[in-house]
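The structure is given below, and queries will be raised subsequently.
Chain IDs A, B, C and D follow the sequence of writing; residue 1 opens each chain.
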Amino acid sequence: MEHVAQSLISGIVVGSIYALVALGFVLIYKSTAVINFAQGELLMFGAYICLTLVTVMKLPFIVSFVVTLLAAAMLGFLLERLFLRPMIGEPIISVIMLTIGLASLMQGFIHVIWGSDTMVFPAIFSQEPLRFAGIAISQVYVYSVAAAVICLLLFNLYFRFSSSGIAMRAVANDQQAAQAMGISISKIFAIAWAIAAIVAGIGGILIGNINGVNTSLSSFGLKVFPAVILGGLDSIPGAILGGFIIGILEALSGIYLDPLFEGGTKEVVPFIVLVIILMIKPYGLFGTEEIEKI
Amino acid sequence: MAIKCGVYKTTYEEDEAIWQTRVSKFWIGVLIVALLAFPFVFQGSKYLLHIADTVLISIIAALGLNLLTGFTGQISLGHGAFIGVGAYASGYLMNQFGIPFIGCLVLAGFITAVVGMIFGIPSLRLKGLYLAIATLAAQVILEFIFIRSRGVTGGSQGLLISPASIAGFQFDSEFKFYFLALFFAVLAILIAKNIVRTKPGRAFMAIRDRYISAEIIGVPLFQYKLIAFGISSFFAGVSGSLWAHYIGIITPEHFNVMVSIQYLSMIIIGGLGSIYGTILGTIFIVLLPEILRAISGPLSSSYPILIDIFNALREGIFGLVIILFLVFEPDGLAHRWKMIKNYWKLWPFSY
Amino acid sequence: MAYFSADNGGDMAADTFPKLLMERALQYGQKKTALREKDLGIWQSFSWQVYLEKVKYFSLGLVSIGFQHGDKIAVIGDNKPEWIIAELAAQSACGYGVGIYQDSILKEIAHIINHSESKFVIAEDQEQVDKILDMMDDLPNIKKIIYYDPKGMSKYEDEILAHFPDIMALGREYEKDHPHLFERNVEKTEENDIAWICTTSGTTGLPKLAMLTHKNLISMASNLGKFDPKYESDDIVSFLPLPWVGEQMIAVASGLLFGMTVNFPESAESAQSDLREIGPHVMFSPPRVWENLCASVQVKVMDASWLKRLVFNAALPIGDKWSDYKFAKKQPPFFFKIIYYLAYYAVFKALKDRLGFTNIRSATTGGAALGPDTFKFFHALGISLKQIYGQTEIAGISCVHRDNDINPDTMGEPIPETEMKISETGEILSRSPAVFAGYYKQPEETAKTVIDGWLHSGDAGYLTPEGHIVVIDRIKDVMSLIDGVKFSPQFIENKLKFSPYIKEAVTIGHNRDFIIAMISIDFGIVGNWAERHRINFTTYTDLSSKPEVIDLIQAEAEKINKGLPENARIRRFVLLYKELDADDDELTRTGKVRRHYVEEKYSEIIEGMYAGLDSIKIDAVIKFQDGKTSTIHTVMAVRKV
Amino acid sequence: MVKNRVGDEAILKGEEITLSFGGISALMGVNFSVKKGEVFSIIGPNGAGKSSLYNVINGFYHPQRGRVIFKGQEITHMKPYEIARLGIARSFQNIELFKHMSVLENMMLGRHIHIKYGLFSSMLYFGPGRKEEVIHRKRVEDIIDFLEIEHIRKKQVGTLSYGLQKRVEMARALCLEPEILLLDEPMAGMNLEETEDMCRFIVDVNTEWGMTVLLIEHDMGVVMDMSDRLMVLDFGESIAEGTPEEVQKNEKVATAYLGDSDGVFLGR
């Protein structure tokens, strides 16, 4: 039983990181209608930058954290300006392909700079586990979930109250109307990419603290798909919920299904669930249905 | 502007012909002769022949993907896995039941078509990106099956498959296999071309461009989407079968998501909705890593420590090339070729 | 038959069109295509055998509904096989007929039908049938109106209407009771019978009907063929109005005589691209067609990318020089030949293909004089364009350029069996077997035109020492300024019209101090130019009054003036507020300017220009096609050149 | 005019059709009946539900209440492609052509329901496939000839002028050889000459081919001239149905359009 609870907890932790990455993903989709296959690479980038700042530059973690976020924002900004902007008006599939190309480019780039070995963060959080109702939880888990939840709350507030957040929601709802209101679409696009890179970066730092940093981190990019589809591609709360659900689902399948299938079901179960959900609700749990008009 | 002065059609058959002028027929003839001569000229180079074989086998699968994605507008991220289904099916049928190669090939096509159609069912309700992700799910699920169902696929150890043979003749070298692959590639090209210029092809494009009006003029959407998935997967299955018998041993990594992505890049770089572009795109994507290897090869042999870096660089450059292509040639090589042709066709005018 | 081309077997006795048709059908049968029509998207072909059968049954059908020897038909409609089938069918029944321009005004149509006493009208479609039905009260002779495009006709129940194939079906029935009637009828046709009537513009405004015999037309085609050979393997595209004598010369007479394949385009809109599909070997067109082609090339080059423009502009002078060598009958130096062939393969060959002239061997122009610059242009492309001179009254031709003797300033030399001389008054006279049988029911007009067998052309001209005819202008059109300087307005106008921006020009100056020009711009091309230069405009009138446009034309006029004698240059011009239009009687149906009418109509403007005004205010009434009118108020600027 | 053009039986009937989107009513209990062979117009101000009615007839929208009956068969809940096969074709207010295809390809798509060969002969392009392509091409060419669009048959639809696109759209609908043709503002945005051509085509389709025509059109002159009968829709309700003369005299119609800013609604 304790084993189950442990797994569930780590599922929630991973789920919170999925939720973060999914948030960035949905943000980009909502405001620019682009599916970003490089979301995992953005996460990996954040993890490596932060790691380098902490281990090589010997900066305090908090400082590294902030600098990483700045760097991630810059990167998101740059990617949008350099690569995505020229693709406006091209077919969806070309834009998807472009983000796949970006993923490949970043993979190669990161690989060249940092190599392929796994690196670990120095112990930043206390190794002493916390105990709740008899279940030991490592502190880094608690901080991760807390950080993730704080981020999600912050971004929620940002969208609700800040002017650029509101503008972003307006663009997501109706580009033309937003433009007519004097909102600069290209600025919103850039902000969306910057935020997406920031949240992915945070996710990367958190997961890096838990699992160490290597190039397989980019697989988180793939995992985000079941999460966002589950929630509905254009729903931020949906994405967050979807992230948690997928995290927990993975944990559960690890416990109950792996023994039956010689392991590895974690990878596939979320996708099976995804297909089932889509067959029942084609626009996910919270996605908006397009009304067809002629 | 129509083809050429002095070309007039007296029947509808002539008007619908693929090659309309004697000049274009002549060049097709030259091309066929060149393709047949190729392996004799480069008989000494197993490497070149291997690349040629890879291109020919890949063209078949890429055509299938373009029929589905480029012509029907249904994005698929699971094509690599469908190729795998064909490869495993063909290998299994031959190993277990001793079915002759041609039988395996055709059956592999049909089995893959059925699998493809099953995964195409969500297309009834899903559109655009949602569908794309559903096909990604197909990729992940099938990959899982490849690894886990060891009894059929040999799992990650791989499956040994005997070479293709027809009436006792073994296609067991790059040289011999070339002709087999060429035959099927040409057949696939002709079939694909015929499909797109007749009833089903028109229905596909109608669904891609405006599915609502397509349905209102009498095209049953679901039926045709399924047909598109079926045909596309059939092509993938045949390609997979050829690949399996060519390479001799297949493992799940041969059919992972990267393969799906490679096939997508072939049709995008070649030109969505263009048979001709599919061929160009396939050649390009197959050759690109080879060229990068040719460049990095000598360097890495002088600096062995850097091998790892060069590998990573290759991956990065692959991504960069795709990006540059999409930004500067978004309509693909076929479009560029058409522009060049038009330039001369209209010369010295511009319209 | 002396006038028979040797190529086609000199001893054959076919001296009328129906006999020629039978002979060709015997000769080629099903093996060779006689007519080709683009219909329903493809070129539907008829062999000579089928052609003959169609003519036969339509002819018998006509007879069965009352067509008698000497009866006439009137044909009005687009160029389609039925048009010439009807023509030959009437001839085969020992009758003849007249073609009517589709865009003729109703009064003209009624006049032609009544004056020719046509019993049957062959009308293409609903549009033409409606015209005739509307005038039925004024057309007492008509027995039947036969249409060949049935679209929209099912709701008509008038007994007088019949569908073309139904008449042919009647003919088939009629043959059962009257076997060999057709052959006997054809046997009865004689070379001096009237074959067809071509209309020519008359002085009173109503057209005159010129009667041409079989002998006229066949001898003309045969003699022209001696200078400008045609072969049975040749294709021609019939897209010019068949009532015009030129189209009768080539599409009907030469087609039958030489066994060429005649191709009919699908519709007027697609004529240009259909012509390109066929790629004819022989083409005869009025200057307007060649000028339009030339202008379209210039426009398209203007819109092409800079590299294409550069290459074209580099090649053109080489081509012009090549033409100069050719006109001067000099061998170009070897080195220049190489340069020309480079230019040819780089540009001209492609241009020929784009225009549809890849196969062209015989290219001729006639009906009016073609500007030397246009001439040069086509020779630069390697198209040996030749001038034909003649009148309807001499079956269209009396002289032509010979292949190695082309001089754009002359009309060439008389074809075989043709004599030409200059009268004491300077008028060009000609005599040949092709001189017509007279105007229908107008003997006094005939007597004025043909005197002692000599056809009086009404053109002023002279003979060069080489024996070429040079036409100055219509006798009544040659003008002199008040100081006695003679000038030909047509010459100046042709120069002006070579500019792609200028559609039509009228020059005036007879008994005046200097020459002025009224110019109408080409709306399409100038509009295009204006768009590219970001000049806003609404209507033709508005565009014509833009200072930038006037500047543009002024530059063109200045260029042209440099090529004119010092004392006969254009001194002033205005841009007209409307295009000259045949519907307003300003042009003839073949597109020639009706000078006197125009001079009268625009007298206010002309006087204003001579009075030295800087601008002239206009309040004019414009009539639209649908009969509505509107008044135009505009101010036209007068420019000095 | 050909006698007995209009039959007595109703070929298409609507009974109490009610349609709403998220609480907004587009159609409220609309009844109508179209006789075989007639030209039946539907008029009314923008937003009156005219196009929605078309969408219901061809199965794109399914009404919440009411029935659509075509030749005695209820088609209310059929799919659009099934209804197309039964013999109802339409054109759209906003052109719905396949812009990247040629006029010919668009029209061949209109033949889709009539082309019968299977996938196999399509792949190899031989035998029945090849023969049928030619047969249907011929049919398409007849319609091209009928609508006088020969010169654009191989042009990409997207490059054509608005008026020509409208004509091509009608051509594509005719390719279905429907029994009923629904035309949605076929003359919108056309100049005088194009409008006259289009009127002529509609009259010919109706008289020569005996096709029943439903017409939505704002040009009252055209509507009053061409229609055998018409129906007036106002805010989703049918307020009048009858011959042009009857409708012009109808008081309800007069009231509904009294405030009409055009003022010319019923004037010729």
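Here is the rule we use: contacts are C-beta pairs under 8 Å (C-beta built on N, C-alpha and C of every residue); 3 or more make two chains touch, one makes a residue touch a chain.
Just so it is clear, the structure is predicted and the values come from calculations on it, not from any experiment.
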| item | value |
| --- | --- |
| Two chains joined by the most C-beta pairs in contact, as defined above | A-B |
| Chain at the geometric heart of the assembly (C-alpha centres) | D |
| Centroid spacing, where centroids are CA-atom means, of subunit B and subunit C in whole angstrom | 57 |
| Distance from the mean Cα position of subunit D to that of subunit C, given in whole angstrom | 44 |
| Centroid distance [mean C-alpha coordinates] between subunit B and subunit A, Å | 33 |
| Subunit A-subunit D separation of Cα centroids, rounded to whole Å | 50 |
| Multi-partner residues of subunit D (each touching 2 or more other chains) | 60, 92, 96, 137-138 |
| Sites on subunit C at which at least two other chains make contact | 41, 273 |
| Sequence positions of subunit B contacting 2 or more other chains | 2, 11-12, 15, 212-213, 216 |
| Parts of subunit D lying in touch with subunit B, wherever the complex brings them together | 58, 60, 79-81, 84-85, 89-90, 92, 96-101, 105, 108-110, 112-113, 115, 117, 119, 122-125, 129-130, 133-134, 137-138, 154, 172-173, 176 |
| Touching residues on subunit B, where the partner in the complex is subunit A | 69, 75, 121-122, 125-130, 132-134, 136-138, 140-141, 143-144, 147-148, 212-213, 216, 257, 261, 264-265, 268, 272, 308-309, 311-323, 326-327, 330 |
| Contact set on subunit A toward subunit B in their complex | 29, 35, 83, 86-87, 90-94, 96-98, 100-109, 111-112, 115-116, 222, 225-226, 229, 233, 261-262, 264-265, 267-268, 271-272, 274-275, 278-279, 282-284, 290, 292, 294 |
| Parts of subunit C lying in touch with subunit D, wherever the complex brings them together | 39-41, 151-152, 154-155, 266-267, 269-270, 273, 626 |
| Complex contact set, residues of subunit D against subunit C | 1-2, 137-138, 141-142, 144-146, 148, 150-151, 153, 192, 200, 204, 207-208 |
